[in-house]
Amino acid sequence: MIRALTLLTDFGLADPYVAEMKAVLLAEWSRFPDPFPLPLLVDISHALPPGDVPGAAWLLGRVAPMFPAGTVHLAVVDPGVGTARPAVAVAAAGQFFVGPGNGLFGFLARGGPVTVVRLDNPLYQRGRGGKPAPTFEGRDLFAPAAAHLAMGVPLHQLGTPSGPEALGAVDGVSGDRADGPGPTTEPALGRIVWIDRFGNAITDVARDGPHGTRLMEGAEVAVGSTAVAGPGVTFAVGSGDRPFWYWGSGGTLEIALRAGDAAARHGWQVGMAVRRSAP
Amino acid sequence: MIRALTLLTDFGLADPYVAEMKAVLLAEWSRFPDPFPLPLLVDISHALPPGDVPGAAWLLGRVAPMFPAGTVHLAVVDPGVGTARPAVAVAAAGQFFVGPGNGLFGFLARGGPVTVVRLDNPLYQRGRGGKPAPTFEGRDLFAPAAAHLAMGVPLHQLGTPSGPEALGAVDGVSGDRADGPGPTTEPALGRIVWIDRFGNAITDVARDGPHGTRLMEGAEVAVGSTAVAGPGVTFAVGSGDRPFWYWGSGGTLEIALRAGDAAARHGWQVGMAVRRSAP
Amino acid sequence: MIRALTLLTDFGLADPYVAEMKAVLLAEWSRFPDPFPLPLLVDISHALPPGDVPGAAWLLGRVAPMFPAGTVHLAVVDPGVGTARPAVAVAAAGQFFVGPGNGLFGFLARGGPVTVVRLDNPLYQRGRGGKPAPTFEGRDLFAPAAAHLAMGVPLHQLGTPSGPEALGAVDGVSGDRADGPGPTTEPALGRIVWIDRFGNAITDVARDGPHGTRLMEGAEVAVGSTAVAGPGVTFAVGSGDRPFWYWGSGGTLEIALRAGDAAARHGWQVGMAVRRSAP
């Protein structure tokens, strides 16, 4: 079995914080009698906007399932660090997740059975006098727990069993926001959940979901007042003047502009609704 | 022999794409009976401007030869993903290269004999129903191929043998562009091929090339209307007011400004010609 | 014992330089008869502002002690590359440091006994004809030395023993700068030494130092004309209108704004003094 540990934060790479967490991982592993082979460290991203818990949840929910069984995901987007939200470790779908119970891991409970513990075992806590710094639990509480999970320490040793409610609720993208006037009164098929570097707008309209079936044969959708034809197959579709939609590599509807930045051109943002155009 | 796998993309580090490719690498490796020791993952860069194939080719051509024999380079700068350009794996100079046949690897054929295959063996393709997503062949086609090369699978198993024409041609920096009025009518010695973070302009005028010999004893060159004296030896040369040239660590002529940003000061960009000043 | 090698530079991640150094590390390791398991590579940061030696020293001084014994730190922030400043390798507190003797490692000598060598053994130098490129000693001089230290080569083999004066002096943040008019004439408790991505201002006022004791029970401090109450415990303190101070995870006084960017709001910069408010 491959041992891998991923990191996902909103810390950026200019500050000491990511390196401090990695230093703690190595320091913990160096206490094991035969620490080789070490788990492989993989950075998922440290470029989340500060405090963007819904974005982090989307990113992790997309990427995590592709990693092998046994992978440990250490995810710290935690604007409420040190406050009453719980600190948790979770086993779900053969993998492990460690971080704040602020909604970041809420998607796990929606996907199947989960086992949750609160990280309250002082054996796996670090910091001054064994007390985690209330402003950096990523280093003193989450990293040590993740380090031990990656070395095979059982989840239940890390703390007190808890229910999925300890994962918290995301106060994020949901509901049917006003998106300005549009050419249609159809209900939303879904929403834009991510805009990537190329300006492609990724939505949560799943190809395998109820709306996906309706869209299979080709259909025009709309974001705000902009109509979007599709589906295209590659990015080399259309005139470069009008956006088109396609089934993205994550299994949901995406919208792009040939050789251009669709989101910037049209002012699209995360949270905007995607509707079916009126026929 | 060291097993190493490098990654070079224009994906940035904020989106899920680089992590998805790494997840696929790990998932492929986890299928091997004894996957340890894993190949070492090295990020060359993910900060290429979107679609900058010539820039990616320059970067890879500079860095790759420094890696040990057997290294696998997974390079995905691929604005035509999913279109007719081939997907290739290449053996050249004792190393392996996997990515699009869009000119990115054209430099390999200019450097010596290459062995090329088209990645058409479905055994090494992933995606929904084994069909690579046409918008993300980096994940579904290139990463699995690179993963297997790094574990010792022979190149010829990955697909159909092909000629070097499958590497494609770069539609990039070449020819003798107009660069505005200059103090000289000398033909170009070469061009600016990269501008680094410090504002140093790196050219393709090789120290070991025909022009290099002429410049050995010291000579003034010019970019546009700006004269550049040299050669200097370190960055601590000159007055800080005038740029100077030196033989850079990559073996070609570079131009810098002492404690300053030469390219920003003078408005230099990739593609501009470097000429010898009229005597 | 875990073998780990960290990298800290001001090179950014868009240019070839960091990848070239890693390529050299791998190439050196591939010459060893049994190079596995390879040392773990950990990037501390490559986002230092160009030439920011004091910032690099602060970052390394904060992060390095958290790594396990035996870790090799390869640090290259070196605006004087190729000039007379020495190239050094240092053993201090059970770890190793390789880079320029320009003050970057000065903090090591202040922390206890150090062993210093100048990197003048040609056996561990690379480059054209074995001569390091004067503009990239990070690749040709520091990386080979660090590679060998990480494989167990003794420090004294790398060059000539030297005294701590070879570490150089930082020409950085010190003294009692003018910071404009303030509400107090108290002497400075310390200074802002780092501003992080969240806008938190990290100072060098140590909790365990003489000023720390005075501030334990709560006290108002000031930066320029802005009063700062504290200590808070988590970031969820205060009204969001006024900054507050707290004991940061690095053991020094920090200043933040609830759900805001304290430094941007108040125009704070590295080097500004923190004073105790007049009672």
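Some observations on this one:
As written, the chain order gives the labels A, B and C, with residue 1 at the start of each chain.
In this section, contacts are C-beta pairs under 8 Å (C-beta built on N, C-alpha and C of every residue); 3 or more make two chains touch, one makes a residue touch a chain.
Only a predicted model underlies this, so the values are computations on that prediction, with no experimental measurement involved.
Summary of the copy comparison: rotating chain B onto chain C for the best CA superposition needs 120 degrees, to the nearest 5.
Interface note: chain A and chain B, two copies of one sequence, contact each other through mostly non-matching residue numbers (shared numbers fall below half of all numbers used).
Computed centre separation for the pair chain A/chain B is 31 angstrom, with centres defined by C-alpha atoms.
Multi-chain contact residues of chain C (touching two or more other chains) are listed as 37. Chain C contributes residues 10-17, 19-20, 22-24, 26-27, 29-30, 35-38, 41, 50-51, 79-83, 127-128, 133-136, 139-140 to its touches with chain B in the complex.
Taken in their complex, chain C has these residues touching chain A: 1-2, 4, 6, 37, 40, 42-48, 59, 62-63, 66-69, 71, 194, 196-198, 233-236, 246, 248-251, 254, 259.
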